[in-house]
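The following pair of complexes shares a single chain, chain A, combined with chain B in the former and chain C in the latter.
What follows is the complex of A and B.
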């Protein structure tokens, strides 16, 4: 195996190609769209995450059952907790969609945090300025304004990539800081509400999304539903239309896509702008549905969590609700962990990182998993492949 | 006379393929020993064994009369053997000096003693007549100068036996002259050079002795002044092409190959006018190439690897822009057209590495079939894909193309290489294109599949599809094409109809000998 790889690297002319492609074949995973595909990434990661919790409980001398129960109660223990979890789910779902749309075209957008921040600020400012508008106009336009600015903030990254070859990971990462501090500066100065707090004034009621479900004290707006609807639309767009197909092709093999006449750069750019717009929508919905104004640093890292959300379900938009629900549950359970068990809420962030790493290491986990869970999952996958025929 | 290197009965297998089979090679001190043979004859493998990059399956190796076995190039270097590989292995961001000494830097007090290195390199350069800019970034240097870096690298490490694997394939003519005189200087200083080349003129201008390899076996060793280049060319080609011209006529009559039924029209459908492209990586470019493909013909372009076939394919597929010259299609200029326009005009390209350049490795079979056709009105309305229609059509095409598969939903990388190739070929031929560029179409196909492919190409050709076949396999070109041209250093050596094609002549053209 090693020798074959060696000699193909050295361009040895005697190696038949058959062998080389077999090596590729052995290495490549079957990432085919099927019913169970996205879960195959998530289940092993969850298993690792639970193991991590158990080890942590052991080290801290806590009953493992208590720890898992605390997470459950913190997230779903009562009406207030459930409402908070659902409200946290909205931005996570949307940033998760943003990351997966970019990744579909082979790009990694880790600038969601900045796009989300500026989207939120724009939405707040627009809602304040559009006070005279009636609500049927004000509500959608506010969200659209957020989307537009999110896309605008993604534009320099994709433009630099296509024209100068600068990697989008670097530029989006750095643009986050620019966005966050720009927003901070603006709400402390020209766009602030005049108090010493770094925030805008409260938006007029015409722009605020009313509660749709009076769950607990705070209730839930239609925002989670809107996000869910968007994820369904994106799922259909990705798998049922030729635009989605072309974007996937660009992400899968840009050389082949280009040779087939697809304008790879343009396709990628559109997907990337869409990604920025989705992150902007996430920010705008936070303003109109949850906070009703813009606070500096209101986001506890939703933009970065979007990466975990997307990769937990293998970047399949239709399954993002599941991973965002999981992450939202963990996020809202962190306080309860501290109250009931005295564990730092930051533990949840560590747990989240463990989940992401274990998803990223899927290929590496294949071997040890092949004894038990992995083999079972592979069999399931094969089974569902055959059923498709 | 004492032998410097003595390789005896070296064997090496890759799977079922014998790369080297009982090869023996004796090299004398201070000689230039040329190793010639077709692609895949086993030259590079043999030299990689001598340099310790590959371990032989059998045979023994003596250097200076002592039995040795190298497990790593480091050990070969210690024994005084250095190799300059076909691809230039340089670090573009480091200077020439750094590139040369990387891995054995002289250190003092933990610091890199650059001055000392420079002094030694200047000495070496003067001794052998290099003209290297030592302070320049290696990435900015020409191929010839990068090669000097590689040569210096092995000389700096004290190698006395130099293996040069096709050192001239990327050089221009004056650069080749220079390299050859450098080799002569090295020989005069007592170095021994093993020289691999496809270009017989170069071989005859410097080699003391010549060893011919064919299909993993050694045919024999001759002194350079005792054999002519025609005889060597015959030895290289002879047995590997057992079908003589007469046999090929017989096959023609059996119906396996039929002459084009459509009478060939004289006007060219595609013409290249003085097209020039730079060489890239280990691939040669095009040099003032003019070529005409007539409507309804199958034109085969052959030649040794690296003489510009790939550049030609990429230029015609629209993947790379040409430096100079014009490309005309049906008397319309199409130079610099975007690929989507070319695809609309009816250009199709079958790449040599179907999985890497023509397929979506993580996607399913039907998604791979759809690539390029996703906007056809049969398969979509208002952007919405008709998956059932696409799958039905895919199933039909895959069965017609004899692609062995278990499900339309399986990923293309789970197919064998031959089946991947068949799928990409079926896709390229599925919608009556105007001009198809086939790059090594038989690669990875078994004999049966090759015949099916040839029949399909022939039948489409009778319906008016023009083909340009680029292949390194002369047999394939003879079986498939109406006329054959040979590229040598990015130029067309000549063009003959395949009825009149004489293997000897084509072989000479491939090696750069005209007439």
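What follows is the complex of A and C.
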């Protein structure tokens, strides 16, 4: 596998995914350097992000320290801010997991936004309808309903890919808009609460996730914990089970995986459905833990942010908490930037874009920390082998 | 609202999507996936308003819009061709960048949030002095005269693009890069340079599409004013099956669909106007599902 990739480097046919997949393959070997790979991949991007902040501060005539301090205070400055950041982390973590599970099997799911929207709507409607059920039954079922609809909305994309050969990026992109307009129609019409606010009725208090930590005014629900638990399970699943291993193999080299007897199409399909389900869970948790009802266009682009979350840590589920925490901190700091420094909250979006671009470019950059070191070691090893020969 | 008004509305809705779609076509025919059309349009819209505001002339604003779109195009080609990043991830990052940077600059340049001050518009059709012509004058008098000059220009651009791709050597070279970059390289072409030029020119076209929104239709910049039109352009590209002649009917259909939904929202509030907003995407999915057209996308699309 490695040799094949090396050979095609000098043509122009090498696909960037192959380089990503090489790092993923390296991670499955058990040594500490490779285990920390995602972290090492994130550091250069973070460095670029901080440099960007400093340059921006210089251009805007702000004390550089002030800008970084404002981001920190906005996200973690007090109990209320910390609670808001932790609650924002849940959907980001789950959509990040959704993207990384699909990418593990070599698929890019950019339809998280639509899956999340419909998952949230379903959860809200289900929670309203399931009010008579006792809460130990209603709560998991609500989330499951969201997951099911998320997976259902991912199904056409993977079916089109497997039977018609249509790239999943195109179909999920189209399905996104269909989902958003569908939800908009439903919530203004048959499923709305009768007002012109484009929202469903508030779900009964029995269906709402209670706070487990009374941090600040609003507190933190159990949703971030549930998301963390899911990320741990997915990490174990990916590295410790046959299914996870086979799915990773499909992503790294589908031809080789097929030759090894893995049902590539089916593995990819299941991973993609799982990805859709995770995005649906993100929407459902957002409803039962944060908003307590469904609003039209309630997601500020969580689905697309999932891509940043997943790529920042090289699509490793076990590290996704870190990148989602980072993005949640940035997202909840945006208003504070406006209040304290008078600069637009959009600065945060630019910063996020810079992070994503720098992490996407790494495959070509081969920054010394994450790639160069490994290659250097490899070359030294090859060199010493030559001497022995 | 009579049929002529519906047609006028359709043309107005078609123009920005058609311009962006042509930009996407150039880039994708050369073999690079371009989902950054949304960002190119938004940057174009902002630059159009900015330069019109500072220079006083909407024509300079139009040039600025092309430059702004080109800027995103250059970034996209740099990230994809030089650093070989995943083209879809790069596009999404650039869309984020454009959305954030235009909002940030709006605050820095005009000291406002949300909406920029009003600037001068590009001339409309009835300002051109062709209203006295016998047949055209009647049409212009019935409301079509309010349309921006960019509407006929965009159709002219499309005809020029068809001619360029069909009959010029450079058009052939561009398509060669998208179909078989190795063969193109063996024939002595610089694949990356051609792709770079294609993406940048495409960016300029998409930027002009953004300018239509900002200084053609409205006369101000609003944050996130493209509202997914860049993605609609990608859908039109798929529906038009990557044919320079196919995207014109595709975008016209999308424009009609959008115009119809606006009409419905006014006329029959009982009917779901969202149906016609979602229709372009649903039709696109249907075309993919039933494989009504065997034409495939450029074979090297997405591979660097």
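To be clear about the criterion, the second predicted complex is superposed on the first by the 333 of 389 C-alpha atoms of A that agree within 3 Å, B and C clash if a C-alpha of one lies under 4 Å from a C-alpha of the other, contacts with A are read in each partner's own complex, and residues count from 1 in each chain.
Everything below uses one rule, namely that a contact is a pair of C-beta atoms (placed from the backbone, for glycine too) under 8 Å apart; a residue touches a chain by one contact, two chains touch by 3 or more.
The shown structure was predicted, so the numbers you read here are calculated from the model rather than taken from an experiment.
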First, second, both or neither for A:260, with chain B first and chain C second: first
Touching partner for A:248 - first (chain B), second (chain C), both, neither: first
First, second, both or neither for A:290, with chain B first and chain C second: neither
First, second, both or neither for A:109, with chain B first and chain C second: neither
Partner chain in contact with A:347 - chain B first, chain C second, else both or neither: second
Touching both chain C and chain B, counted on chain A across the two superposed complexes: 11-17, 19-20
Residues of chain A touching chain B in the complex: 3-4, 6-7, 10-22, 24-25, 28-34, 240-243, 245-246, 248-249, 252-253, 255-263, 385-386, 388-389
Contact set on chain B toward chain A in their complex: 14-15, 17, 19, 39-40, 42, 44-45, 48, 53-54, 85-87, 216, 282, 305, 317, 319, 338-340, 342-344, 349, 351, 353, 355-364, 367, 370-372, 374-375, 379-380, 383-385, 387, 406-411, 413-418, 420, 443-444
Chain A contact footprint on chain C (complex, rising order): 35, 79, 82-86, 88-90, 92-94, 96-97, 99-104, 106-108, 113, 181-182, 185, 191-192, 223, 228, 231, 234-235, 238, 272, 274-275, 277-278, 281-282, 284-285, 288-289, 291, 302-304
Complex contacts: residues of chain A adjacent to chain C: 11-17, 19-20, 60, 108, 110, 156, 160, 164, 166-167, 169-171, 173-175, 177-178, 181-182, 184-185, 188-189, 304, 307-308, 311, 343-354, 356-357, 360-361, 363-365
